[in-house]
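Two complexes, one shared chain (chain A), two partners (chain B, chain C).
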Partner chain A sequence: MAKTKLSLGYGPKLETVPVELPPGEPRPWDANDQLEVVGEPVPRIDGQLKVSGAARYTHDVALEDMLHAAVLRSPYPCATIKRVEVKAALDQPGVEAAIAVAAVGDKLIFAGQDVAAVAAARPEQARAALASIVVEYAPAPFVVGTRAAMRDGAPLVHETAVEERRTGADEPGAEKATGELSGNIRPGRSQKRGDAKRALNKAALTFEATYETQCHTHSSLETHGVMVRWDSEDAATVWASTQSIFSVRDEFAAIFGLPPAKVRVITHFLGGGFGSKFGANASGTAIAKIAGELARATNKPVKLMLTRHEEHLCTGNRPDSIQTVKLGATATPGAQAKITAIHVQAHGSAGVGTGAGVGRNASAVYTKVPDVLVESADVFTHAGPAVAFRAPGHPQGAFAMESALDELARQLELDPIDLRLAHDGHPVRRWQLELGRERFNWDARRQAAADMRARGTRVRRGVGCAVSIWGDFSGTEARVSVEIDRKGGVVVKNGVQDIGGGIGTIMAQVAAEVLARPVDQIRVEIGDSELGPGVGSGGSKTTASITPAVRNAAEAAKAELAQIAAEALEASSPSKLRWTNEGVSLGRRSLTWAELCERIEGEAIVAVGTRARTYGHYPKSFPGFPTPEIAGAQFAEVEIDTWTGEVRCTELLAVHDCGRVMNEMTVRSQINGGIALGVGYALMEERVMDPSLGVVLNPNLDQYKPCGAKDLPEISIVLTEVLSGNNNTGAYGIGEPATIPTAAAIANAVGDALGVHVRSLPITPAKILDALERGRQTSTEGDT
Partner chain B sequence: MQPFALIRTKRLERARAIVRDKPEARALRAGGIDLLDRMKEGLDEPELLVELRDAMAPQVELGAGQPLLPAENPERFPSAPRFAQIGALTPLAQLAAAELPGAEALTEAASQAATPGIRNTATVGGNLLQRPRCWYFRQRELVCLKKGGDTCLALMGDNRYHAILGAGPSFIVHPSSLATPLLALDAVVSVFAGTPSDPPEGGATTEPNSLRLLSELFVSPADDPTREHALEPGDVLTSVWVPVLDGMRSAYQAVREKQSHDWPLAEAAVRMRIAADGSMRDLRIALGHVAPIPWNASAAAALLEGKAPNADLFAQAADAALADAAPLDGNAYKVPMTKGLLREVLHRASGLALPE
Partner chain C sequence: MSDHSKQPGGVTRRGLFRTLGAATLVAGCVKQDPGSENPERSEAPELDDALGLTPAPLEFVLDGQPVQAEVEARTTLLELLRLDLDRTGTKVVCDRGACGACMVLVDGVPRNSCMMLAHDVGGSEVTTVAGLAEGEQLSALQLAFIEHDALQCGFCTSGMLISSTALLREGGPLTRGQVEDAIAGNLCRCGTYPHVVDAVLAVANGEGGRRQTELLQVKKGGA
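Right after this comes the complex of A and B.
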């Protein structure tokens, strides 16, 4: 290890911090580095392909002779298969293979589960042929409502222990659920500090409320799907709509008993994943297994892309939640009030799956609260399994915790920002709260909201804020290569996929920075497992995992070039050389880039770079990890028509830290996307199931309501860059942090506008009217 | 979606005859927005679509003509110095952009429906004749009252988006956002109905043979829960006529859970004139997305007729409009919502400033 001192920190606070670097690691870019390309708002290098339609997504891939698959799904939420007969499907037009996926005796436990599948020449032929498959079901009692499933005597979803299923998109370090199944409830993750129950008993003042969040679907614009082509008996190429090429490769290899090296996975462009596209199969449907078996049976490539309807039933969702938050506080008046205890009891349903935790807002943001207990339990229901969804657990946990804080602040007549500042130990988040207070004109708007409430106006406005916590979970698995050929061409290669954040553009920028080349002179090849180990895009770690490896590869390639240049220019040491966009020089002697590259021996320099383990975490580490804690705060304004209940989020200020900004344009774009997702979660999105039929009622993008263009607030983004010394580029993630606080901030703004909190998401006009009615009743009671 | 054939004809009577010959397997296509949705959802599986867009032209004209009144009972149709004629094939975007002074309720509704892309294609006729969005009706596997079953599944199910007025037995809400302002505007429609004539090639155009009040276009589920409109297979709605009264003013508004591409939770449209003495005259009030048919709130209109605009009076009218509301277990919110909405639209239509 080599010790060095770096200038690290943020905004008002820069410090010289000693950092130990692993051998061979270049000196990390710190506050003293003036970078030319990294950080600049470089437009996406593949932007034109995307907007012109030339980009080929998995949906667009077409191979000669390919067949299309369709899957027959159980219409029953709970049923045993008595008979399944696929033969008649083979006589249908265009059909070349039909397979049963479920067997006689199998118990199907949600509507939408795989039963059988066919492959036909055209997709509509495959779909039509499903009708000729004969299946007899013995339907059984079921339960789809979370509260209903918690009641004694509710039909049991699982009769035996349930193994927790995890993907690379789950929150790293989240506690494993180990509790015993009791009825449909299995106690799961818990986080503990001190003795919250005891502290609550002793508290002079307590607050308790129950918050509910809905089931939220990922609704990626590109549905889940794969194309499988067997290249030989034991080798296959898989085109997959995935956010993790290498876990698709490994899972596909495991399903068919192949060595992973015999499976090639390609994802040139991905139409969204949000955590749901990690495996070869989706969370509730075995798409890769089905396509692989049909391809094997027909000896033709088989493509299986799900419909929007299927996408809503069996490819994952964000679990719902019912969270009771108890806060204990001192009786000290005004700004001296201190929260002494937090106890969160959460139940949530991930359908037949696991993982209904509620994140770390309650346990890890308010570190100045001495006694904290967060308990969460999975409640099993006969519904499609959940899967990791952009910041698993956190948006629901933030909604409950941040709402409770605001309600307590209202009760204590305290400013919600002051209450947060008094209990949050992260210096960056505290700085963000102060910045937001000023930039959002917080005090004046709070006063205006109070005046409107007092006058009982028809149209109300209110403001709210909420914060996020996330960690730098980047890994060391990527191997990036940089090639510089004799004609001066530079290619950066890695098997990583672009989930949409624009990793290819950022790879080009980092290579351009190191090599002093223009960005448009760097070619980037990604999206193919043959390009070298990449990293799954989960945990907001793509940029922070890949860019340090790009830098290392580029530095290694440059070192080789520098040797050549030093020799040619007769430099005593390569460190004396001056690099520019033109080429390299020493005093008055110079070589153009082309002249220099011509001197490369052989075809090209090829250098491979890796990423060292995270070595710094200034100014604060994520609980349980020797890596940075990522802070964020958002401020929302809402406008509410109290006559109709119509509610809109009109303005949103997002103050986020994402380490060193690699590309200001793509960072802002990711934050915009996180906010759009959060606005939908706050105000309109909800998967609805019929309790007596057990089916999803809105499996489409018409009645399932993602946020649209007109629903977006005016967004302002402040990037509070933090140089943490975590890796050689200083990057860390933003994808998940950007969506964690949005719904909570909007809920708090609604509470400010109405003077009554809406404790359930989504905050629809119906719930606004209900809250107003409750407010009226409370004030009438107060009058008497 | 099942494969289908599409044929084009410039002759409307020919198009009608083709569909009448085999109504169970053929359908007329205008914008094709809802029709194609239903075909993709597997609700309808026609083998043959007959394109209407070559046989009829988009058109919005103000004051160019009058609807041809029938010999019998012509007085039951509204009279007005001028009419706006809107061709059934007019895309919503064209209607939204039209200058129809006094009939702003209609252009506002047209400009808010669906999305810009859909408004460029969807037609006025198709909007009026589309099928409901009820999430039980729209699921192919579910057999509800509308599809010949015994019961409306919304009654026992999740009915947050269903009707609060009309008393069933189907609790859909009528999906047309143009029907609400058109009902308030007292519109009439021209229809080609009955056996198609067979005019010679290039011969004289036949006139539509049936004029109906807009309210006569819609069928209450009490009469037949399986249909929403009274047209028979092969009947074609050709024009909508909006009477334009002197000094007429109107307003429309909807409440939505989201502003981009969403169906209203409730709609209200109001038409009136303000007389020289400042009183409101010729009031008509329609509510949408609260009943299986576009809802004429005539009691509320009667309460206001002849009176000067007044905020308290508007609140009373809103109460009167919803007096018969009988919400299901999940949609009681629609009652206060629709009242508040109607109050706002009354303020806007009458020009009485809304409170802050």
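Right after this comes the complex of A and C.
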């Protein structure tokens, strides 16, 4: 280890911090480095392919002789299979193979589960042939509502212990649930500090409320899908719509008993994932197994792309939640009030799967609260399984915790920002709250909201804020290569996929920065397992895992070039050389880039770089990890028509920390995206199940409503850069933090506008009118 | 030609087949889906000019080039473009007119190609995203999309470009509201809307400036 000192900090605070670097690690970019390309709003390098329609996504790949697969799915939420006969499908036009996926005696536990599949020359032929498959089901009692599933005597979803399905998108450090299954409830995952129950008993003042969130579907525009081609008996190429190429390779290899090296996975372009696209199969449907078996049976490539309907049934969702939040506080009036205890009891239904975590706002943001207990339990229902979804657990947990804080603040007649500042120990988030207060014109807007409430105006406005916590969860598994050939070409290669964040562009920027080359002179190749180990795009870690490895590879390649240049220019040491866009010089002697590269021996310089373990976390580490905690705060304004209940989010200010900014424009795109997802979650989106039929009632985008262009507020973004000394580029993630506080901030703004809180997402007009009625009743009772 | 493709009462053939297909699937019975009958074995109706279950000739202009194809009556324009003509820049997302990802211009009007039968465009001019550029030269709007980062995963991009191109062709300066109205039928799950609006306004109004993020960098030497 080499010791060095770095200039680290945020905003006005700059410190010299000792850091131990692993051997060979270049000095991390710190406050003293003036970077030319990194951080700049460089347009994404594959933009031309995407705007011209030339980019080929998994959905678009066509191979000669390929067949299209379709899957027959259970129409029943719970049933045993008595008979499956696929033979008749083989007589249908275009059909070349038909297989049963479920066997006689199998118990199906949600509507949408795999039953059988066919492969045909055209997709419409495959879909039509499903009707010829004969299946006899013995339907059994089922339960799809979370509360209904919690009741004694509810039909049991699982009769034995439930296997935890973990993916690379799960929040690292989230404890594995270990509780015993009791009925449909399985306790697990708790976070604890002190003794919250005792502290609540002793508290002078207590607050208690129950908050509910809905089931939220990922709705990536490109549905889950794969194409499988067997290249030989024991080798396959898989095109996959995935956010983790290597997890597809490993799971596909495991399914078919192959060495992973015999499986090549390609994802040149990906139409979104949001946490749902890890592994070869999807969470509720064995797409890779089905396509692989059909391809084997027909000896032709088989493509299986889910329809939008299927995507809603069996590829994952964000679990719903029922969270009871209890706060204990001192009786001291006004700004002196202190929260002494937080107790959150959460139940979440992840359908037949697991994952009822509620994030860390309660346990890890409010570190000045001495006694905290967060308990969560999975509730199983006969519905499609949940899977990690952009900041798993956090948006629902933030909604409950941040709502409870605001309700307590209203009760104590405190400013909600002041209440947060009094209990949050993270210096960056505290700074963000203060910045937001000023930039959002918080005090004046709160006063205006109070005036409208007092006057009882038809249209009300209100403001709210909420915060986020996330960690830098970067991994060290990537191997990035940088090649510089004799003609001066630079190629950066890695088997990472671009989920939409634009990792390829940032890789080019980092290589361009190190080599002092124009960005457009760097070629980037990604999206193929043969390009070297990459990382999965989950946990907001792609940029922070890949860019340090790019820098190391580029630095190693440059060191070789520097040796060549030093010899040619007769420099006493490579460190005396001056590098520019034109080439390299020493005093008046110089070589152009082309002249320098001509001197490379052999075809090209090839250097491979890795990322060292995270070695710094200034100014504060994420609880339980030696890596930085990522802070964020959002401020929302809403406008509500109290006659109709119509609510709109009109303005949103997002203040986020994402380490050193790699590309000011693409980071803004990601934040816009987090907000759009949060607005839909707050006001519009909800998967609706029919309790009597056990099926999803809105399995397409006409009835399931994501946020559209006209639903978005006016967005302002402030990035509070933090140099943490975590790795040699200083990057960390933003994808997930950007969506955590949005719904909570909107809910708090609604509370401010109405003077009464809506404790359930999505905040629909009906719920607004209910809340107003509740408020009227309370005030009438108060009058009498 | 397009008149023949509609059932009486405004029910499209495709919609009818979908309903029947879904009904047989739910019932789990062996009844043959009328949509899947083998053309060779079925008896085509003896009606001149009628569109039945056998492929019929279709001619239209696609991205400036004349196309001649034999197309089944049930085939949607989207299926024809993607499966038979390899125009995969036009995306399939919802397949029921709810998201705008499959939009194309039909005689200059933006249409969801999943909601049209292929035979509906006989004699028409169809422009997909691949036809927006002049040869290798991207249109001003396509360049503005890149410049403003009006795309992330890129799956909604073709539809966004088609809707906005149609709006720009109406001419004149535009407001944010007008652009938002024009793309109201285009869903983007990455949340790229503000940048799409910026890109369209830059082309319409000549506003070259990019939206800025306020970046509060570490101040050297403290403060």
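One rule holds for everything that comes next: the second predicted complex is superposed on the first by the 784 of 784 C-alpha atoms of A that agree within 3 Å, B and C clash if a C-alpha of one lies under 4 Å from a C-alpha of the other, contacts with A are read in each partner's own complex, and residues count from 1 in each chain.
What we mean here is this: a contact is a pair of C-beta atoms (placed from the backbone, for glycine too) under 8 Å apart; a residue touches a chain by one contact, two chains touch by 3 or more.
Only a predicted model underlies this, so the values are computations on that prediction, with no experimental measurement involved.
Asker: With both complexes overlaid on chain A, does A:L21 touch chain B (first), chain C (second), both or neither?
Answerer: So A:L21 meets neither chain B nor chain C here.
Asker: Scan A:L683 for contacts with chain B and chain C and give back first, second, both or neither.
Answerer: A:L683: touches chain B, not chain C.
Asker: Of the partners chain B and chain C, which touch A:A128 in the superposed model: first, second, both, neither?
Answerer: Both: A:A128 reaches chain B and chain C.
Asker: Chain B or chain C: which reaches more residues on chain A?
Answerer: C
Asker: Going by the contact rule set out at the top, does A:V157 touch chain B (first), chain C (second), both, or neither?
Answerer: neither
Asker: Touch check for A:K710: first (chain B), second (chain C), both, or neither?
Answerer: both
Asker: Figure out whether A:A295 sits in contact with chain B (first) or chain C (second), or with both, or with neither.
Answerer: neither
Asker: Could you say whether A:L200 touches chain B, chain C, both of them, or neither, answering first, second, both or neither?
Answerer: neither
Asker: First (chain B), second (chain C), both or neither: which does A:T457 touch?
Answerer: In the superposition, A:T457 touches chain B alone.
Asker: Looking at A:G674, would you say it contacts chain B, chain C, both, or neither? Reply first, second, both or neither.
Answerer: Touch partner of A:G674: chain C, not chain B.
Asker: Take the contacts of chain A with chain B and those with chain C, and give the residues found in both.
Answerer: Common interface on chain A, chain B vs chain C: 75, 124, 128, 702, 707-710.
Asker: Name, in rising order, each residue of chain C that touches chain A in their complex.
Answerer: 21, 24-26, 28-33, 35-39, 74-75, 79, 82-83, 86-99, 101, 128-130, 132-133, 138, 142, 145-147, 149, 151-158, 161, 179-181, 183-184, 186-197, 210-211, 213-223
Asker: Help me check something: in the complex, which residues belonging to chain A touch chain B?
Answerer: Counting only chain A, the residues touching chain B are 75, 124, 128, 455, 457-459, 641-646, 648, 683-684, 688, 690-693, 695, 697-698, 702-703, 705, 707-711, 762, 764-766, 769-770, 773.
Asker: Show which residues of chain B lie in contact with chain A when the two form their complex.
Answerer: The contact residues of chain B facing chain A are 1-3, 133, 135-136, 138-139, 141-142, 153, 156-158, 160-161, 255-263, 265-266, 333, 336-337, 339-341, 343-344, 354-356.
Asker: Can you name the residues of chain A that touch chain C in the complex?
Answerer: Interface residues on chain A, with respect to chain C: 7-14, 31-32, 41, 43-44, 46-48, 50-57, 59-60, 62, 72, 75, 88, 92-93, 122-125, 127-137, 218-223, 269-272, 274, 307-308, 435, 499-502, 661, 664-670, 672-677, 700-702, 706-710, 712, 715-723.
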